[in-house]
Amino acid sequence: MIRLVRRRLAVAVPVLLATSMGMFLLGAASPMDPAMQYAGAAAFTASEENLAQIRANWGVDDPLPVQYARWLGNLLRGDLGWSTSRHEAVSEVIAARAGWTLLLVGLTLAVVLVASLLLGAIAAYRRGGLLDRALRATAYAVESMPVFWLALAAIAVFALALGWFPAGGLTDVTAGSASFGDVAHHLALPVAVLAISQAPWFVLFVRDSVAESLREDHVLAARARGLAGRTVLFGHALRTALLPFLTLVGAHLPELVGGSVLVETVFSLPGLGAVSVQAALGSDFPLLAAITLVTTAVVLIANLLTDLAYTAADPRVRVDG
Amino acid sequence: MSALLRVTNLGVRFRLRDAVVQAVTDLDLTVRRGELLAVVGESGCGKSVLAHALLGLLPANATVTGYAHLGTVDLLGCGEKRLAREVRGRQIGLVPQSPATALTPVRTGRSLLAETLRAYGRDPGKAGELAADAGLPAADLDRYPFQLSGGMAQRLVTALALAGDPPLLIADEPTTGLDRPLVDHTLDLLRRRCDNGSAVLLITHDLAAAERVADTVAVMYASRIVEHRPAAQVFGRPGHPYTAALLDALPGRAFRPIPGHPPMLTALPSGCAFAARCPRVSEVCGSQPAGDVACHHPIAVPEVVS
Amino acid sequence: MADLLTRRSLRDVTPAVVLGAAALACVAVPLLWPLDQSAVALDRVAQAPSWSHPGGTDDLGRDVLHRGIYGLRVSLLVGIVAALTATVVGGVAGGVAGLLGGWADRVLMRVIDALSALPHLLLGIFIVAMLRPGLGAVILSIALTHWLSTARIVRSELLSLRTRPFIDAAISGGASRARVLTRHLLPHVLPKIALATTLMVPHAVWHETSLSFLGLGLPPHLASLGNMINDGQRSLLTGAWWASIVPGALVVTVTLAIAALAARRRDRLDPRVRAELEL
């Protein structure tokens, strides 16, 4: 297991370095003048001396490798830079908002996993049946639907027409603080939309996996022993099909994160996704770069965790180390 | 003693994309309590299909005709629910063909045994006892299938099949790939069950094994049973030319292989299927023979069995 | 005729028919019913779908379906151009790695690993944010996030070519490297690349639509479907759902048709080749 962690870290570090370098190069290639960004509206009236002073303070005229090294050094020391669009420290922006994004993504992942395991397994059990055909047709259709379109449709139906859920925000406008029930009520629609949008891949994979698993000798043997259908399906077919599923979940996380950006925007949730969009509109390199790096790091950690879960779940791997 | 298992006119066909596989045709057999019936034949003659047909485990493209009764239960007609809840494991136990793949890889032997016992309403704690009866050491119960040797895996699947103490046990090629001592051990276990009042249907291509423990032998060729007589008669004075040729092919006897190949199950002739390879063939063999020795020119006439 | 209506052939034919209709609309509508993008009709604001306006009208009185077809044309064109650009980028990257081998190959593999852990949309947003926003930035954003499949295909072809004996024979026979490439590599690799590019187009369209929806994509005067959905958000909150839902439906229908056709081709390939086509 230690070997696995070491191997994963050995891959993760160059990946993060490469990403940071790539982003830094892009930022440097940007026609945006960071000094004018920083000065904001005042840039138009600022004198050339002032702008030059700002540039000198920021060291933007230093050679690129020096700037990169400085930026990287700051990052490793915990100083994530200054957000030019929000005029506060990047680490504060991230700290204040990361929790909500994690909550959204975490809840969605939980819902998607449970739903796809259940639906996929049952659909595979009755292969060719009504549930199976409906599920696959729906999955293919939903795969083509942009998540923000689904979100708008959901708002139109459930928030505006039926009035069951709020159309956005995290809490009621009148609320003083975030109560559990209030937040839950507000997150219901965003989580549902994101989950439905991401589910097709998971459901189809589980269904195909379990369908194949059901044809294996050990499942037939379990049936031959007269075990109940439910026991055969969940205790034997799904248990074996689950293993490759685990590692592939990690590979699908980036798409989930991308979807959360759009969902947060449509539902006006105070997460990192919404902030990235604003940062992009303001060409705020420090904030955007930090968010992208942090997101990549989280995805890599999640991949490591799913790998560890795999080794824990598959005795064949565990015993060999 | 009345028959425990009675199969009449059983037929199993598989629908493939561009062919029909005739796996079992016009099969009659009976098994009584205390009887060990060996169904022998070359690979691919339809023996395993018989076992799966009786338990209702055939795939969706299979068509089954005929009758099969276990006591009063109509095996082919009672439906999946009744088969799963009352018959499988409880009335009929199956020792599957390939123990290595027949065990769920992510579960220990103990968990499989306990689960099976629970399903039959028995005490899951008896798993250790069951394993010991089958010759599986307790330490191996907590191992995963990939950690078990071929012999241990065989004992585990035997223990699983006996968990419900079924009156009829079907053993599908239980000696393949095992060494001699283990083969003998397994066969003796099956014999003991018969001596204690259960019935055993032994499916095998190992004639020596059948000779060792069988009371009755049914020889299968190209989806049909061509000879069905007491073991002593089959091995002493075989009636059907195919049986005689099979025995002649044994290393212990003439060691002479049968010329030619068995016909494809997708293209069975209308007459006797062995005619193309039979030294006693004649015109009349173009029609389908029947009887306990299904041959128009039997070597030995079937003696009347009381 | 009877077997034309069987379920399987219906599944094959329907996407082709849908695509054909969409292509026809994109070509015919601007010719037969040209649209003045700046024209507004404030007397017909926010009307629900009806016979005269099957997609309703938006908050400036403009016919949603009519604008939608123009938007579809833009989105498809941008998607196709972006997919082609991604193909070129991937082809070059895979080509360099495959030809040079060794360290170049290892670097490419690391870069592909890195990109697989990065959310495409986030990276796309970053790219657009850093460059001057507009058509070029959007196309580059798509190209830099979708080139993986082509790179893999070209790289693996080149690497396997190196080991084939007839290549050595050709080179020792005097053929130049270029000749070897064109006569042996290209015919083998082009169909796979064509499939990879086709599979990319729906993703490129979704990527552009998402960026435009966020206000980071095409400039408003190009009026892609993403822009329209973004504009339509305002009227959604007042109950006029068609202004954003109808353009979205156009995206869904057309991309679903493309994806369905390409997926059917892809599913007939063996798993190893299929794995290369992952975006």
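A, B and C label the chains in the order they appear, each numbered from 1.
Everything below uses one rule, namely that a contact is a pair of C-beta atoms (placed from the backbone, for glycine too) under 8 Å apart; a residue touches a chain by one contact, two chains touch by 3 or more.
Note that this is a predicted model, so its numbers are computed, not measured.
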For subunit B, the least number of touch steps when starting out from subunit A: 1
Geometric centre: closest chain by C-alpha means: A
Inter-centroid spacing, subunit B versus subunit A (mean Cα positions, whole Å): 55
Whole-Å gap separating subunit B and subunit C, where each centre is the average of the chain's CA atoms: 58
Gap in Å, rounded to a whole number, between the CA centres of subunit C and subunit A: 22
Residue numbers on subunit B that touch subunit A, as the complex places them: 55, 57, 83-90, 94, 96, 98, 101-107, 115-116, 119-120, 144, 146-147, 157, 160-161, 163-164
Residues of subunit A touching subunit B in the complex: 216-229, 231, 235-236, 239-240, 243, 313-316, 319
Residues of subunit C that touch subunit A when the two form their complex: 110-111, 113-114, 116-123, 125-132, 202, 206, 209-210, 213-216, 229, 232-233, 236-237, 239, 241, 244-245, 248, 251-252, 255-256, 259-260
Subunit C-facing residues of subunit A, complex: 11, 14-15, 18-19, 22-23, 26-27, 29-32, 140-141, 143-146, 148-149, 152-153, 155-156, 160, 167, 251, 254-255, 257-259, 261-262, 265-266, 276-277, 279-281, 283-285, 288-289, 291-292, 295-296, 299-300, 303
